[in-house]
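For reference, the structures are reproduced in the following blocks.
Next come two complexes, and both contain chain A; in the first it sits with chain B, in the second with chain C.
So, the complex of A and B:
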């Protein structure tokens, strides 16, 4: 049993003793515990399926090593791009009233609502139009590495925008107003007041975007293909291993993904928490 | 406190209701249904065959579509299918190695072809054309798609594989599903793709270029009766229907597939 939280000071004046909080906390734990048990159960089942030699095998595969590197780089770039876009959109939505705002809000939810395959297909079609082809003349995108980053960015950014908007919603705009009355321009108020306060939210948005990108598969399969040593990211590896009946390989790559993701998220959050304290 | 308990009770009750609802929803998975794992490429004719069979004999059929390799993985994991219709014999062979198969029957002959836009605007006629530097190619993953494996073997025999693979890595794409390859040509994301002849037959705006090297190798869509079948008799009866020249095979032919020869179905 975890230590119970105590509401100190509430009942000090009265002789009456508050009823025990134990049933309440047990109830919370029971409801939440089912989910945690489900996650841990999945991991344990995966681990039970594996033999250490399966790991040796995937670490020796140059394709998997390439996919790991590409996954890390592309999702980090996608997360950075997402932040870069999500901060201004989040700030706009949070601080300004304008015509068509609710429409814009709905548009920004489209990547969250659309099935992944549809996003991949739509991107593929977009880059076959005149405009798309013009872009392709400068940088090859479809079936090349940039297509992976774009596919990840499209989905991850929508989540980052949501997070940034609620971050700015929670920051009291009065402080920026005060800064303005003290002679700041709107932009100075943003950079000096709102932006530093939004750091924690940016960290959350960035890690969320990174995690979405790291696990993304559907749009990448359609828009980037599964060309080994080129557009193969780790989820693609899992799929390719599955499609040759190599379940051990697929599970081993999945465990590798989980390990990498946990390390990255813990390190980033730990570092972020330290930064906040400064 | 009473109040809190009541609330938790209500929430638990709601969860229970949701679980009950989920159980109630999945009626189709009843025990007497025939479960068929079906290669995605055969989706159209198989859906029709299953419908007609259900109508005529009241047997419910559950079709699960996917890439043959993915389905094979599922078979290995769950052991829940009566029949497995695979894109070519190699998958059945692998299932046999895992001791999952009782019996197998060929359904359709298929050959690899080069799919191009209608009218063949880039004038692709010979295998050597595939290494033209201006060409964007879409091929199946050699390890994940049966068409990809076959393409690799044939190009290797013609000493073109290394060159073509490099060009695909540079300008084209490898994908694991044969229908995605045809889609790529149709959308215009690539110029040519190597696919099965029966796939092109389903795309009115594509054209199949036959090549002697490809035509020489005939593969077969094959159906297997699985050990895990809960009702082997019913499964065999469906196989008879599926491989009857005036029933299943006819519907495959009508969908543009080159069905094998079969015997007549008699009521």
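So, the complex of A and C:
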């Protein structure tokens, strides 16, 4: 019988050497690098297009200051609302089996796949129905500030739901099972075990929802209009500056948006990382 | 006492049919069987984590077939331990007691008592991420024992430990058995453990449980 470690076809004269890892790493860097270069190229081109006086001008503009304030407040409220809804829906989809789950899953993706303008139009029509008009009698929504928050929320929440679903999918449900054997109801197991573990996912979902809301434009244009000092958020400002031919102003507002978004995201993530270490 | 009476349980395509056995009060029972024969499925059914299709389950003389896991009074240690990563060891030991709205003084006393028994006094302020396999096992045992359950269910508690830790936990289980007299159902593969710990030995084989 042939010994197990000596079989035909194996070249023992030349010791085996695994292929180099260098081409693989270069390939990864090249593919990733193209995208990073594109992003940085856009930013550098924007910056090079501007004169410092353009920045001074937009900082002095009361309209832009109003739009910045409104953008920050509405995006933060939309992000909070999104989390409020995304956590229970994400948990429901992750932990429970029920009839119509696939349909619910598909419905929750609608705001992601629909063109933004269609979302704005659909919201506009919704608030023209009997129920919508009844709500409008109590709180003016359409073409008012609440419409901005609703338009941002509708889109941002869909992304937050996806993030929370995958967050809860990654948390082992076994720990909640053990909590139940120790005396927890499902609700107690959620609040005491799953919820604290989902903090990192909530931070990701919240920042994603905030960033999405901050850059939202299409639904806001249709549902809220583009009235200066009223329903003007920063993306609206870019649009309004463009529409009057002030390209420098539009680019300067864009740069302001990037700066504000980067500062907010860095601060939130930094705070989040510190919280996680506690 | 644990009494499983003609229980049928499904787990995906897998099925256990007409399973019956009984563990008398205060006994340390070890359930053996090959991998995939349904030991964990059976244990989870007793704990109330898996619904049974037929039969009845009695714990401490009460029928609990349709009772929620929370109300069965079982201390459960799963194979993967499932410690809570956001909680300290102290919070693990106090967990079941805080649910029962026990006074803080009583909780502190119980935590001290359990941490002494389990030799984890120095670990009380640590989180699971910093614990070794043996230490994690002790914490999981403490968490399961804290509310003084009538029944303890252990799913292969020694399988993932090195030889030294295995011996330590084995000694600890023997001590828990002697000091608490809690009725225990312990799943294992290892014959050596059975010699040291078992009052009663059961084997799950060919879809039936038989007394060895």
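By our rule, the second predicted complex is superposed on the first by the 258 of 278 C-alpha atoms of A that agree within 3 Å, B and C clash if a C-alpha of one lies under 4 Å from a C-alpha of the other, contacts with A are read in each partner's own complex, and residues count from 1 in each chain.
Going forward, a residue touches a chain if its C-beta (ideal position, glycine included) is under 8 Å from a C-beta of that chain, and two chains touch if they have at least 3 such contacts.
Note that the structure is a prediction, hence the values are computed from the model and not measured.
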Legend entry - Superposition on chain A - do chain B and chain C clash or fit: fit
Legend entry - Touching partner for A:247 - first (chain B), second (chain C), both, neither: first
Inset, instruction - Report for A:125: first if it touches chain B alone, second if chain C alone, otherwise both or neither. - result: first
Inset, instruction - Quick one: classify A:181 as touching chain B (first), chain C (second), both or neither. - result: second
Inset, instruction - Have a look at where A:222 lands relative to chain B and chain C in the superposition and call it first, second, both or neither. - result: first
Inset, instruction - Considering only touches as defined above, state whether A:172 meets chain B (first), chain C (second), both or neither. - result: second
Inset, instruction - Examine A:196 and indicate which partner it touches, taking first as chain B and second as chain C; both and neither are also allowed. - result: second
Inset, instruction - Check whether chain B or chain C contacts more residues of chain A in the superposed model. - result: B
Inset, instruction - Pick out the closest CA atoms of chain B and chain C after fitting on chain A and give their distance in Å. - result: 35
Legend entry - Where chain A meets both chain C and chain B, residue numbers: none
Inset, instruction - Spell out the part of chain C that touches chain A in their complex, as residue ranges. - result: 47-49, 68-70, 72, 74-76, 78, 80, 82-86, 95-96, 99-100, 143-144, 146-147
Inset, instruction - Note which residues of chain A are touching chain C in the complex, please. - result: 172, 174-175, 177-185, 188, 192-193, 196-197, 199
Legend entry - Touching residues on chain A, where the partner in the complex is chain B: 19-20, 23-24, 27, 31, 124-125, 127-128, 140, 142-143, 221-222, 224-231, 239-240, 242-247, 250
Legend entry - Residue ranges of chain B in contact with chain A within the complex: 1, 4-5, 8, 11-12, 15, 67, 69-70, 72-73, 76-77, 94, 138, 141, 143-145, 168-169, 171-176, 180, 187-189
